[in-house]
Amino acid sequence: MSARHVSVRTGTYRDSIRLMQISRTVSDLPGVSSALVAMATELNVDQAIQLGYAVPPGAGGNDLLVGVTVDEAGVLAAVLDRLDAELARASSPAATTDGDPDTPPRTVASAARRLGATLALVSTPGRYAFVEAMDALDAGLSVLVFSDNVPLAEEVRLKQVAGERGLLVMGPDCGTAVVAGVGLGFANVVRPGPVGVVAASGTGAQQVMSLLSGAGVGISHCLGVGGRDLSATVGGASTLTALRALDEDPATELILLVGKAPEPTVAERVRTETATMRTPVLPAPVGPGQPDLTAGVENALRALGRAAPDPWPRWLPERPSSSAGGALRGLFSGGSLCLEALAIAEPALGPVRSNIAVDPKLMLDPDASPAGHAMLDLGDDRLTLGRPHPMIDIAPRLDRLAAEAADPACGVILLDVVLGHGAHPDPAAELAPAIGAGIARRPDLAVVCSLVGTAEDPQDVDRQARALCAAGAAVFASNAEAARHAVRLAAA
Amino acid sequence: MGRPFLVAASAAVERALVGPSRAATVVAATGSATYLAVEDDASTTICVASPTAVRVPCALVLGPDSTAPELPVGTIGTVGRGLVSVNASAYRVARWWRPATVRPVAGEPARLRAAVAALTGLVADPLDAAGRAAAGPLVQALSTGTPVRPAVARLLGRGPGLTPTGDDVLAGALVTLSAFAPRAAAPLAAAVTESAPAATTAVSAALLRHAARGECIPELADLLAAVAGGRDTGGLARAAGALLAVGHCSGAGLVHGVILGLAVASRQTPYLGAPAVATLVGMR
Amino acid sequence: MSTHVKRLLAAEPRTVTVGAQLLADALADQAAPHLPVQWRPPADELLPALRRVAGDRRRASANALAAERMLAARAELVDVRRAADVIGLERGQFCHAGPPVDWARASGPLRGALIGAMLLEGLADDPEDAARRLATDTGLALAPCHDHGGVAPMAGVVSPSMWLFVLRDEVHDRTTWCPLNEGLGRVLRYGAYARDVLERLRWMGEALGPALAAALAAHGPVDVKGLVGQMVQMGDEGHNRNRAGTLMLLRDLLPNLAEDGARSGAEVARVARFIGGNDHFFLNLVMPAAKLQAAAAADIPGCTLVTAMARNGTDFGIQVSGTGRRWFTGPAAVPDGLYFGGYGPDDANPDIGDSAITETVGLGGFAMAGAPAIVRFVGGTVSDAIRTTREMYEITVAENPAYALPVLDFRGVPTGIDVTAVIRTGILPQINTGIAGRVPGTGQVGAGLVRPPKSCFADALEALAEAAPAV
């Protein structure tokens, strides 16, 4: 049974060449015996009538006339859908406009339209980040807020809005993420694999991914949620979204939850969520009284039936340090790595001062020279305001390194070196000479490095390790093992 | 040799890329993609592709702003240790991506039949008469569990181009069956992977090997997801439209393969009874 | 589970970056699709307001609704009638262009036009008498055209006896109006009030208005939106060039004019010659069509889109959907352009007229890419015109498929100016405009380009912030 469709659409002007193209496309569809898509000029209306279409009266040259005849009534809906798609295409924003150097995009929304984007990466100074991130959400994008110093109320609002719209907010202060193999922020090069990571800690996630990578296990996605996500105020909003997303992701077989332990109410919510999930979730928490990140990774490897390297890769100097005792001084670029080292050092060494200490009595003034054991997180919000992150700019750490080496009370210096996209292109080139100079002046000084990176990172992890080691540092792929080594030296 | 081009590499060809360096020969080159056959045990073929090229499962995709030099067929280079080197240019793996891979999914027969009906109206059958004559027997063999090899032999290598239309139909059917009828997919996968190397181009044989593992271009995976999700006629038309836009007529071949696979998966037998399949086999 | 996040994980991300170049470079090093925003920080004094408005949860859906309405609005010419009948304007009441202004602050062209209208309505004996009365007579009343739901070009003075085009948007059940265009040169809307100006206005009232009304009645409603869609594909941008639109209108109505037995051939010929000889005749239909689009988007709480840009020769004013009828004004600038022989910038009056309603909906300066023939007239090259239109996409939220620009691959004109985008980018709307003489009675002295004062948008943003709940 053949069927006919005729309609007049007002306010839909298209030029005649485009309409002829559309007519042709529609006519060529199987099952279509004739199609006429034209402005309803007298001539076209006459032609339509001659073709047997009952054109409604009142159509004028500024209206669009559509006539379609199909062999089989059943295909008409599909044909008209295609016609609508073609008409819409005739006026859709050109996808190619990103190739216009004269007028670069000036807002996230504009860039999103041009690129057909799915994600925004916001790294403006913190006070501007909210406006840009909201623009991304308004454009229908999930967003990674790399910026720190974003007010808590703005974080809460971003996550509320994202929740309402089914989008994900990573951050604020989200240092790393891997989405479908693409690294964002400070990102190590990892292969696709079965482990999904949800991380409230950037360097914690980098440590976990680097260790997994070293053990030959790949990553499906790593979704950062920001250091405050698991606080009672934010309520784990992004953590829950990320967990659900990874549970639905066919490539993810196991989920690692990396970061400080959540506040109790949030922990309960996370537990409730994970209880209903099909994908197993393992914690890799950081902080006092918690097992370390390396232990979390070893747990995950066991769950996957893989053996953990024992020990994890390490590069020890030919001439071991002659140090015995002295104060342990940590100089970290990664907050979670600093926290992990603190958690390992305190039970063995007693109180350790730090600018990220939980106990206010142990709070370290970063501007004063410390007495006793101390660990400084140089990536802390308060120290990065208006300056580059210490993973990018090594100079502040070189200054600290020289100061600690000059302090006779200091016996052991513990450093982290984090590789990957976005990080300093060759940190060892700057750190190794400084370490070498320190040890040359103070043969009793021990320097211990944790080195977070993968074989495919642009800095070449092995070359970095050898350079640091040659300068006299003991280098460990596991930050926890590095911290234990340093503690042993300090306690000796 | 200048700075290497940075590429995003498919994890499906990871072994050849990270393994020891081996010889590789340029076997085909289009404006936007260069295919190299690697001399490894798995006869891996890799494709150095521009970012706008069709994302085949063996692609090494160049960055948005880089234009790779053209490489004539027959040029010999090396592949391995994360690097592809041919003549004066080198391509370094900067990250990995996972190719679209369909997984078995329950497909309600009525839903699959509705999809067959919706898709059948969308595009003319790209196969020639002999190809059409082979499609019917293939559906019948797959539906009844009888040997598929004779029908496969009539389709493999049929038609012009880098991926002959007959191969596209087989690839579409293979991936569709991997999703909706894995048991029917197995004999077809075996027949195709065994016969393809001698029967068609090296590139097409390689892509059929990927199809046998359920690995395909994203447009095909999207269409199958639309079918599995029970999308309406308009939704299916949009997804099929995106697939139809692939290649000169590869998209049409793949869509017909999908129809064929769906016909089998929806147990639409006897196959000549339903008008949709009648159209498919050229009896319209 | 959210399909958005699922989709995010299903495919390689396409990432917009804003901020550190280093992180965009890291994506380039991974051969990952990305596009950096050329970002610059907004003014710190506006940052609190910007953050508050950005955090207004009503905003995204309010703007989407406004854009949808702007694009869905229709515009049909349904009637031609006297202002007294259309808006109930009474003797001694006058409409004018732009935000509210009184005689004391009125510019030369507006004063000239008001004097002319006084004379036309028989309210004064001579120009001096008219000026004196306008300055002192409390029985006379001035109000913006926008307050009466209409628009008018340049001085925009409308008095009860003038004839108006009446346009309807059936989709949103709204009516608007605009007076008939008098032609080029020395005309009332540019502040001229000499005898010939008044004679022409009288003829328009006695002959042109009734003739058009009769022809329209015979023809039935004219789809102005459809004509505008065609004119932007024929080299008109709908503000400074309206040639194709004018001829299409004439094409549509001329047969009905000719068939009207009530008029002699000579009378019909004069009407046809008058319309065809005035390339801007159709401007006065583009403007109300634009007003219908903008009005459809008005009064949506939380919406940050501009719903009117208008000038009275002294002030530039904008209205914004989320703040209703409130005007945000700043000093009108003198357009930068080319002058007719004998005139120069010293003769120019600051920007004037409601015609920037066309830019408010993506025509005029926003559609410059489609009007290559006039780009030199307003100072520039064809590539400048294309760049101008492309730049306007940066401050707008939608593209109007009904008004598609061939040179941009049939991309729809940039529509729906977002106050927050203007403040964030520092890009001000581009307006094409005629230039009126400063001295009353002079008329048009040139044409050129102008941008609104930034303060209008800053003030609007502060008002939107006050109306938004705290983050």
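All chains are identified by letter, namely A, B and C, in their written order; residue positions are counted from 1 within each chain.
The definition used in the following text is that a residue touches a chain if its C-beta (ideal position, glycine included) is under 8 Å from a C-beta of that chain, and two chains touch if they have at least 3 such contacts.
Treat the numbers as computed from the prediction; the structure is a model and nothing was measured.
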* Among the chains, which one keeps its Cα centre farthest from the Cα centre of chain C? -> B
* **Contact-richer chain pair [A-C vs A-B]** => A-C
* Asked: Which one of the chains is closest to the middle, using the mean of its C-alpha atoms?
  -> A
* To do: Averaged over CA atoms, how far is the centre of chain B from the centre of chain C? Could you give it in whole Å?
  => 54
* Structure fact -> Rounded to the nearest Å, the gap between Cα centres of chain A and chain C is 45
* Structure fact -> Chain-centre distance (mean CA atoms) for chain A and chain B, in whole Å, is 32
* Structure fact -> Where chain C touches two or more other chains at once, the residues are 11-12, 29-30, 32-34
* Note the residues in chain B that touch 2 or more other chains, in rising order. => 8, 94-95, 97
* Would you pick out the residues of chain A that each touch at least 2 other chains? => 180-183, 189
* Structure fact -> The residues of chain C that touch chain A in their complex are 1-20, 22-24, 26-27, 29-30, 32-39, 41-42, 47, 50-51, 54-55, 57, 59-60, 63, 74, 220, 223, 225-227, 229-230, 233, 383, 387, 390-391, 393-394, 397, 399, 401-402, 404, 406, 408-412, 420-421, 424-425, 427, 471
* Structure fact -> Listed in rising order, chain A residues that touch chain B in their complex are 28-31, 72, 74-75, 77-79, 81-82, 84-85, 180-183, 189-192, 218, 250-251, 456
* Asked: For chain C, which residues count as touching chain B in their complex?
  -> 11-12, 28-34
* Asked: Contact residues on chain B for chain C in the complex?
  -> 5-8, 51, 61-66, 94-95, 97, 218
* Inside the complex, what are the residues of chain A that reach chain C? -> 10-15, 18, 58, 60, 62-63, 88, 90-94, 96-98, 100, 102-125, 127-132, 134-138, 140-142, 146-147, 153-154, 157, 160-161, 164-168, 179-185, 187, 189, 220-221, 241-242, 244-249, 392, 421-422, 458
